[in-house]
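The two complexes that follow have chain A in common; it is paired with chain B in the first and with chain C in the second.
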Partner chain A sequence: MSIIVGIDIGNSTTETAVARIEDDGSPEFLSSGTTMTTGIKGTVENIPGIVHVLEEATDSAGIAIEDLDLVLLNEATPVIGDVAMETVTETIVTESSMVGHNPGSPGGKGIGVGKTIHIRDLEDGERNGGPDEPVIVVVPREYDFEVAAGIIREAVEAGVEVQGGIIQGDDGVLISNRLPDPLPFVDEVAHVDKVPLDMLAAVEVAPKGHAVRQLSNPYGIATLFSLSPEETGHVIPIAKALVGLRSAVVIRTPAGDVQSKQIPAGSIKFMGEHQNLTVELERGAEAIMDTLAHVQPLSDVQGEAGTNVGGMIENVRQTMADVTEKPLADVNIHDVLAVDCLVPQQVVGGIADEFSIETATGLAIMVDTDRLLMERVAETLAEKIGVRVELGGVEANTAILGALTTPGIDVPVAIIDGGAGSTDGAELQKGKVVEHVHLAGAGNMVTLLIKNELGLERFDVAEQIKIYPLAKVESLFHIRHEDNGVQFFEEPLDPSLFARVVLVTDDGDLIPIESKHNLDRIKTVRQEAKRKVLLRNSIRVLERISPSGNIRFLDFVAIVGRFGLDFELPQMLMNELSNYGIVVGVANVRGELGPTNAVATGLIINYCQRQGEAK
Partner chain B sequence: MSENTATQVVQEMELKEVGEAKTGSSPDEVVIALSPAFGDQMHRQTLTKIPHAAILRELFAGIEEEEVKARVIRVWRSSDLAAIGFDAAKLSGSGISIAIQSRGTTLIHQRDLVPLAPMELFPQAPSIDLSTYRHIARNAAQYAKGDHPSPVPQVNDPMARPKWQAIASVFHIRETEFVKPDEKPVELEVNFKK
Partner chain C sequence: MDDDPDRPAILVSLAPEVDERLYGWIAVGAEEEGIPCRRVPPEETDTAAIAYTAARNSRLGVGIGVASGQVAVHERHMPAERPVVATAVEEAHARDTCRSAGSNAARLVIGVPLQLE
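Entry: the complex of A and B
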């Protein structure tokens, strides 16, 4: 009789299972534990986390670490992943020819066209008759709203045709309210000093709940400025940039222009065993993934030197070279996942600190490591705890052994084992060698997409959005969940939650999200990110492990690892895979642990099988 | 351009009592509640000599810019800011109130909260300037509309306590002398004088 431990070091969590091996060679599981992985997976920095989880698990089994006879480590999943993102388009405004943004409260509504004039000149001009053509007044912050409204009112009464205004402060409504007839005012224009004066300009403020129509329509702009057909062609980027905004200004300057241009982001060269292919990053995720599919099996990837993507790929390679202490040339990229997304970026040359939605491409990259590394972890761990440590089998294979402890499961079966860094898969058929595969892109990639698409500053906020469902605080006594269910409270909620979109944790705690996005937008972004990365990768995994590459040849699929813990992914996968006639479900390791602990459990089962064969 | 900053536009105002303050029914109002001595009773200005009239004007402006209505009342029964704000929130059609003391301390309250836990509290009167008052009003109006603005940023001056605590206490003691414990809150009409 002996006591052994299986330890699974993942990219984000380290899991363990403790078992007593009976005299007949069968395992009796005593306890399990989970903790955060310390350091990058497969390095000696993992040791503190391992020791912590060992203490936790042995404690709950009522034994000490010294009582252990053997520790089994997963054989270094030979992959380490990293994620990065590059924007591939940008919007540039030259000569301050456009303001388009959503201030909280623009003044008035309607459209005004006239020459831009500083309010100072409007006031001075009143004394000598004033301008005799329509004007758009520009009001810097130094002018109090009542003073500004007074000047404009006097000008209007003196016969000046004031058509609207561009205001620096948040005074649009205040000024408009103080005029005999309300006029459109675009306010909160931070760099009002950059607005060119004495130029023809158009101001549009849409009614509440609407977006500007005239200025987001090229013919609308052409009508206001009497443009020729050729000139109309040039205003398309302006109109496009103003789509969906509540207020906008377009100024006609001699050389002013808005460009939506592609950033030369570089190209990626896939080197396969049979052929090499190159693809430009700006062609988007679809083209990149198609190219990758053509060069399979992949032996390495290179980014074009001196470009963004080149830097991005070499960065990952360098990090991995440092971690693994291998020469740079020996670090080979094993898989790439490219995902398109839309990210808010500040407009270059904008005068109201505007943002526009630009296209970006995210890449998850996976690098080969080797067994040597894990052996070093094993040696260091053995020294530290004084117990024999062995490497016990390839992760995907042990995961499938663990998954097989699920009640009601049988071979042939395929598993999808998703974590933070990689999506792994394996297939087990009766009497047939287990197929396994490791692909780039998993939970961390989803978090990165959420962070960028919502323009969040912090990674941990995006991480929480990924793992918790949403709700809207409708009053201090009730919230509405994202599925429209209402929950009431006896005591008032914290004032900081008032009217906010919140995340509902497993314990029922509410975490407010500091962003302007509404619940539906956040939900859509979250689900799209999961679809683009997790669903897509799950299907890629199944295609690779399925005999003949056709998913339809699989019958049973079990989800293990953190993918199985996600509150919506299993359902999303089931919806998707039911089209292929596949049974998909979340594993329940040892009938009690759910989708976690499959590898740690599998390590122990694998050990028992090997002992049995030896006898 | 000599008179183009907000502080110089209004120095004085007239406050006229127009009967007992009723519970509002329109959901688009924010109630501004004044402490017993605010405005015409004692100093007419805060610790840092900001005229009370100028503060009220900024509060009005911030609320108007959000297209919400302001209603002014005076709470007589207490000089305690939380009590004033809570009373006012219960009278407010939107459930949102702004309460302000003579020395300048301010808060935003909501009727469903417990009295001592307001939505936003601005405890250091000396570090609140007119643009902050405007921002406070804007936030209150947005709460009334069911929005969730970011809390008003506050300057935390570690020297504010040693420098102002004594005089702030005297201010408060003086203000408390104006309290009429049995008096109901009254509605006020505000007329600014140039």
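Entry: the complex of A and C
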């Protein structure tokens, strides 16, 4: 009789299973544990996390670490992944010529066109143009709304044709309400001092519930400013940046220009065992993934030097070279997942901190490591705890053994093992070699997409959006969950949560999201990110492990790892795979642990099988 | 200002000793968010109590009370002693504090996140 431990070091969590091997060679599981992985997977920095989880698991099994006879580690996690993202377009305003933004409450409504004039000059009556020329008044914060409204009212009564205004403070409604006829006012324009004076400008405030129409239409701008067809071509980026906003200003400056600049994105060269193919990054994720599929099996990838993609790929290679202490030239890229996304980017040279939506490409990249690394971890661990440590089998294969402890499961079966860094898969058929594959892109890539598409500053906020469902606080006493279910609270909620979009944690705590996006937008971004990375990679995994490359030949698929814990992914996968006639479900390791601990459990089962064969 | 007592409005109640200008600033805060408010005489002396009565009497269920150097925004479903927001009115920031109270009261009506310190 002996006591052994299986340890699975993942990109994000380290899991363990403790078992007593009976005299007949069968395992009796005593306890399991989970903790956060310390350091990058497969490095000696993992040891503190391993020791922590070992202490926890041995404790709950009622034994000490010294009582252990053998520790099994998952073998040379053959891949490490990293993610990177770059925008491929950028909007630049030279000689500020537009303001488009969404203040909470712009004043009045309609469209006004006239020459920009400082309110000081309006007051002094020192306008440059004749009295019949329409004007757009520019009001800095120093002017109180009562004062500003008074000056504008007097000017209007004196016959000046005031068409609208650009206001620094949050006073648009107040000024508009104090005029005989309401005029459109765009307010909360931060850098009002950058608005050029004595230039032709158009102000548009849409009715409540609508977005600007005239200024988001190139021909609309052309009509207001009498532009030539050639000039109309130049205003397309302006119109594009103003789509969907409630209020906007466009200023026509003689030298002014807005450019939508294409950043040289570069090309990716896929080097396969049989052929090499190159694809331009700007052709998009679809084209990149198609090209990749043509060169399989892949031996390495290079990005064009001096371009965005070159930088992204070499960064990952450098990080991995540092971690693995291998020469840069020996770090080979094993897989790439490309994803298209749209990210809000601050407009360079804007006046009201405007954002425009730019296209970006995200890449998850995976490099090979080798067995030596894991052997080093094993040696260091053995010294540290004074127990024999061995590498106990390829991760994907042990995962499938662990998954097979799920009640109601049988071979042939395929598993999808998704975590933070990679999406792995394996296929087990009776009497046949187990196929296994590791692909780039998993949970971390989803978080990165959410962070960028919602323009969030912090990674941990994006991480929370990924794992918790949303709700809207509708009153001080109730919230509406994203599935429309309503939850009532007897105690009033914190006023700071009122009307906010919140995340509902597993404990029922409400975390407000500091973002202007509404619930539907956040939900769509979250689900699309999961679709583009997790769903897509799950299909890629199944295509690669299926004997004929055709998913339809698989019958049973079990989800293990963190993918199985996601609150919506299993349902999304089920919907998608039912199209192929596949039974897919979340594994329940040892009938009690759900989708976790499959590798740690599998390590022990694998050990028992090997001992059995040896006899 | 219209005084039709049936018209839906945020009710604002100032203790007798309070500077009259404070009402004006509160009203401006509500106006920017597009919600009307109306002045009503106070029935109590405590700030939260004044605000609570105003909220109970408001057809919008939201009231503001100003007394003893404090402004409170109340909502009719809240426990009487717990205003939604209560802020000290300091001489130097009285204008901003009142405008923000008016704005928050309106935001409670229209369902927009409050502006809290």
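Following the convention adopted for this analysis, the second predicted complex is superposed on the first by the 608 of 615 C-alpha atoms of A that agree within 3 Å, B and C clash if a C-alpha of one lies under 4 Å from a C-alpha of the other, contacts with A are read in each partner's own complex, and residues count from 1 in each chain.
The definition used in the following text is that a contact is a pair of C-beta atoms (placed from the backbone, for glycine too) under 8 Å apart; a residue touches a chain by one contact, two chains touch by 3 or more.
These numbers come from a predicted model, not from an experiment.
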item	value
Room on chain A for both chain B and chain C (clash or fit)	clash
Touched partner set for A:498, first chain B, second chain C, both or neither	both
Residue contacts with chain A in the superposition, chain B compared against chain C	B
Touched partner set for A:132, first chain B, second chain C, both or neither	neither
Touching partner for A:22 - first (chain B), second (chain C), both, neither	neither
Chain B versus chain C as contact partner of A:143, first or second or both or neither	first
Partner chain(s) touched by A:120 [first = chain B, second = chain C, both, neither]	first
Contacts of A:193 with chain B and chain C, given as first, second, both or neither	neither
Partner chain in contact with A:330 - chain B first, chain C second, else both or neither	neither
Touching partner for A:555 - first (chain B), second (chain C), both, neither	neither
Chain A residues contacted in one complex by chain B, in the other by chain C	104-105, 145, 170-171, 173-174, 177, 475-477, 492, 495-496, 498-500
Complex contact set, residues of chain A against chain C	104-105, 145, 170-171, 173-174, 177, 474-477, 492, 495-496, 498-500
For the chain C and chain A complex, residues of the former touching the latter	28, 31-34, 75, 77-79, 82, 84-85, 107-108, 111-114, 116
Chain B residues touching chain A - in the complex, by the definition given at the top	1, 3-6, 9, 61, 64-67, 110, 112-114, 117-120, 134, 138, 142-143, 146-148, 150-151
Touching residues (chain side chain A, partner chain B) in the complex	104-105, 120, 142-147, 170-174, 177, 475-477, 492, 494-496, 498-501, 512, 514
